[in-house]
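All chains are identified by letter, namely A, B, C and D, in their written order; residue positions are counted from 1 within each chain.
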Amino acid sequence: MIYQQLINGLMLGASYSLVAIGYTLIFGVLNLLYFAHGEVFMVGAFVGLYLVIYAGVDIYGALLGAMIACGALGIVAVFVAVRPVSKDRPLAPLISTIGLTIVLQNLAVYLIGGRQLAFPETIKQQLYHFGPVTISSVQIFILAVAVTLMVLLWLFIERSKTGRAIRATAENHETAALLGVDVNRVVLITFVIGSGIAGIAGVLDGLKNSSISPFMGLGAAVKGLIVMLLGGLGNVPGAMVAGLMLGMIEILSAAYIGTTERDFFSFLILILILLYKPTGLFGTRTIDQR
Amino acid sequence: MLEQTANGVCLAIEGLTKRFGGFYALNDVNVEVASGHIHALIGPNGAGKTTFFNLITGVLSADAGRILFEGRLVDDARPSNRTVKGIARTFQNIRLFPHLTVLETVMIGEHCRSYPSVWKALGKAVLQRPFGEAQEERTMRANALELLEFLGLAGQRDAKASDLAYGDQRKLEMARALATKPRLLLLDEPAAGMNPHETQELDEVITRIRDRGVTIVLVEHDMRLVMDISDRVTVLNFGTKIADGNPKEIQNNPTVIEAYLGEDVQL
Amino acid sequence: MRLSWNFIASTAIVAVAFALSPIGSADAAKLDGRTVKIGCLAPLTGKGTEWGQAGKASMEIAVEEINAKGGIGGLPIELICYDYQTLEAEALKSVSRLVERDKVLAISGPCFSGPFETIAPQLERLKTVINSYCSSKPGLSAMSPWAFRNTLTSDKQLKPVVAAWVKEYKMKKVVIIYDAEDAVSKSEGASVLPPLFKENGIEVLDSLTYRTKDTDYSAQVTKAKSLGAEGIGLGSCYQNAAAIAKEMQKQGLNVPIVGGACASAPGYIDIAGKAAEGTYMSTAAWIDDPRPEVQAYLKKVVVKLNGAKPPYGGPRAYDIIYSYKYCFEKSGVTNKPADLDSDRDKIRVCLGGLKNFPGVAGEITMNEVRDGAGSSAILKVIDGKYVNVAK
Amino acid sequence: MLDGYTQSILIFTGINIIAAYSFYAPFKTGQVSLGQAGFMAVGAYASAILTQKFGLPFPVALAIGGVVAGIVGVVVGFPALRIKGVYLLLLTLGFSEIVQVIVLSWEYVGGAQGFRYISFNPHTLTYTAIIIVALILFFARIERSSLGRAMDSIHQDEVAAEVMGVDVVRIKLLAFGIGAMIAGLAGGLYAHHATFMDSTTFNIMLAVEILTFVVVGGGSTYWGPALGATVLTLLPEFLRTLREWLELLPVAWTNFFPVNRVYDFLHAFLDFENAKRLIVYGIILIVMMIVRPDGLLTRDSLRRLPFTRWKPGHA
């Protein structure tokens, strides 16, 4: 059973990682807890669903479409809820993004209705047996996309010029600006990338759970927050690893301790990390203490 | 004042060391500050002067060394406790409470003298007469006004702290620090950003504070001010003490001159 | 309700039509007032959304039908609906508004056992009938003489279903998976299913739980598989039930499923697809029922729900309005403001005595604790449809 | 005498006001807490256990519930002293979640079946009113006292306050504990009015809502929380009422072009089903943060009011 549970943990962890990456990217450059990220994820799932149903595209089309739509949503978010809001009050941008969260979620409820929708089976279900472990074709696909995406993102951040600009901005706004980085542009790009990944994550989540609902964002947002913290604020590879860790922890505690208590453990870990290693497991920076 | 000078040591620093990562901000520094003195601490940028203040006030904790205030060890005390014991400071980059008025700001300084415990403060807050004010409040306000008068800020008592002119903000920081009734006052670059006229005024203000019986440690880049009013000067460079003496000795110390070479400073 | 003004303006016309109509309910006394007010509590957001939307739409259809035929005692029904967001506090606010501000004669709803449990103790004070179209946790109506449900409690629904399920699949060992947070699901998973399995000589290997908002059930399914489960008993609402069925399919755990009251919605088949095949469910109302009145209702409600099919709460809500109509006409309700208290009490008495009242969800009989009693279907998913396999 | 509906609305508004003050107390020292839902749960369950299982009279149980929540608040607040900002937000959010899980798996208080048959307290409105008045007086006193100033100074610059001799640790802990105690009272009142609660009653969205009450009302004055909670709780009820007034217009007055179009639009617009209402709510939050990031009421706006004799520093 343990091997199968590890696979389960891997699958769950991969979906947590994808959400957390966007969180941590945005947090990095903006020092902002972008609450609406979970709702962007939800929007991505619905865009994917409707593309498959009404435009008849395949799963790659759905992923691409969700990515583009959510990227655009990221731009809207910046212009509506981030840029016009004063930065010298730490709570103001947080509240405005909470407002955005409420708007997006209820817009979805208003347009779609509050019910759960089936996510179409765009990949042929096939089971593969490796010793004691059973893996389905859907799971392999999800994992492959997630890993590819993470590798691409990592390369982008580490190697590209824009990636360096993002890292510099995350380090320090003023210094980055002095070095000739257009901070506003970097913020926008980060939002587009982070939101685009969230869109893909949404579609993958739909594939994984076979259904989506307007309320799927909140849970993803909370878990994404824990992972971001676990991995260290603004630390992208940290978020990837931490996502896998949280997935494993949850699955194993559900399997061997108790299924009702699994959230208890994830939050307990959150609290312990906050108290004893506020920089996260792999992080170095903390929020400016002033 | 005179007998205090005779009484000897107000602050004694022994082997003070502070590392940031592998970098020594302060390395085995020993300083003695005599009661009633104006004791200047100078050195090039990055010499560790502000770290020195942060260690004494407890904002940072030292990696090694001892801090004795009036003969008693204060190493383990929290910053607020050290203030209660009689150490106060101002900040190099002004840290006022932006939304409080000038008068309120000074009254914050008095808080620790009027209400030694939180419970007493809570009790007084709740049990005061419905629309009157507690005796403490009246006394505090009178004291605060007196301090504002002393520093020439009385006219702006109802202005918001953040609306004051730069020089006045520095003075307000001093008033706030004095309100804690310190016996040792640490001034972190009080003349920074002031024009020559204001600096002149400051010269006199600091001397008057000393004359109220407060020992002063001064970090300052304005060498004219330092040499004018200091009784004693300590020089730091890269976290180590390189010289200690009266202004005359320091001005002629070759190590000090060397340390300042390249810096456009007239000793 | 702008419509209601039109109705008031045309009361005369209605009255004439009433007099001329040979099929008008001749035995009903003419009522006082402008409209007959019925309150409606429907969650339009939150976890009860699907049930609430279907319930509200179904009630509106019933009201439209009745009003088109002359209303009750010559007056149109005015349905006053509040969305309580599946929140207990909102439900409480809404119910006192309906009773004290809107002065309704009776209330249809609330949906879900949580809000029902919150409101029931308050009825001593409010003295107005509530009647839930989707709550099946056992024991709730017993909380107050004013609390009714025209649904069967899940223990009664599940008994024949489990027996038939066991008879067909002949398993010996099962694992129960249930929602530890949802009132009805937990009571099914923890106290209804285990004795039923025992009665049928089946060993329960383990009971696994999850929380309503969970979306990942892989750990539970893997565990069930490793324990060697030959069947899965679900105490689960349909969204979660479908996801669990899907996960079982993904892990190659191809064993039969039996689900409780909250699981049997059309959404279960929509979401689970092939994984739903062979599942047993219980409910008295299933929308593939061939009876013409069911299909006529279904046609209307599907249009109202933009193409979606209602879960069982829909037909139940539809029936509540008709049972209210019946009681308003039979029990001598006057609808005079002064008689409000006695009118409400008359309705309570009438509703308590309801026997074999025909409805689209099956015949309704209120038992001694004011829960629905009567026949229940045994549904099996065959080729993407619910089929009644009860003899 | 007020009818039950009006009472109910007033009670829920009142409980929200109390909850808003529970957020305000730690917020005055700069601590942003999403734990208020958790503290409400602690107070609610503690007081309900006392009335139901030990037969204590309501006022006593309510008070003890508040104290228990306050103690839990200090226990949680102590480690919370080490962290601030986003970290504190997450820590307290984690606390609320953990309380939910504990309640869910604690069969003594009904577990997932919820806590049932809590005795109904017919005088909740009176209690709520008394507590609100007491809270306003309390915070008014605090505001005009040295302690209030010290709290403000911690909010504005914690390091500077500490160095100026303000006992930051104790004051923050005190504020956190008082906040938790107030939340406990709100929870106790809720429990004995609703008479039923379960693990989902005091959830994260509630905590977020409490935060928005204060932010919208204005966190810099003690009138802000009351204003924010009142406005945001009554707004949807008010919009419903607007629609009823609209319907009172005789048909003849509105049934011709173009008035009928306007009427139909308004009528449809005011049909505030929940999703639509929440969309408006979200938009209000965003717009508020752009136009009035300090909330509806600020110190400056209070200063401008002609009838407030109080000036800061003139205690």
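The definition used in the following text is that a residue touches a chain if its C-beta (ideal position, glycine included) is under 8 Å from a C-beta of that chain, and two chains touch if they have at least 3 such contacts.
Because the structure is a prediction, the values reported are computed rather than measured.
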| item | value |
| --- | --- |
| Chain A to chain B, fewest steps along touching chains | 2 |
| Longest centre-to-centre distance from chain B, chain (CA-based) | C |
| Rounded Å distance between chain B and chain C, as computed from the means of their C-alpha atoms | 74 |
| Distance from chain D to chain B - Cα centre to Cα centre, in angstrom | 42 |
| Length of the line joining the C-alpha centres of chain A and chain D, rounded to whole Å | 31 |
| Between chain C and chain D, centroid-to-centroid distance (C-alpha), Å | 34 |
| Residues within chain B bordering two or more other chains | none |
| Multi-partner residues of chain C (at least 2 other chains) | 44-45, 180, 211 |
| Where chain A touches two or more other chains at once, by residue number | 106, 109, 114, 218, 258, 260, 263 |
| Interchain contacts (touch definition) - all pairs | A-C, A-D, B-D, C-D |
| Chain D - residues contacting chain C, complex | 3-9, 12, 104-105, 111-114, 116-117, 120, 190, 193-201, 247, 250-251, 267, 273-275, 278 |
| Footprint of chain A on chain D - complex, ascending | 32, 79, 82-87, 89-91, 93-95, 97-98, 101-102, 104-105, 157, 159, 204-205, 208, 211-212, 215, 219, 274-276, 278-279, 281-286, 288-290, 293-294 |
| In the complex, chain D residues that touch chain B | 138, 141-142, 144-150, 152-153, 156-157, 159-171, 174, 220, 299, 311-313, 315 |
| Footprint of chain C on chain A - complex, ascending | 1, 4-5, 8, 11-12, 106, 109, 113-118, 121, 125, 127, 129, 134, 136, 138-139, 205, 208-211, 213, 215-216, 218-219, 250-252, 254-255, 258-260, 262-263 |
| For the chain C and chain D complex, residues of the former touching the latter | 1-2, 5-6, 9, 44-45, 83, 85, 88-89, 92-93, 96-97, 99-101, 114, 117-118, 121-122, 125-126, 137, 143, 179-183, 186-187, 211-212 |
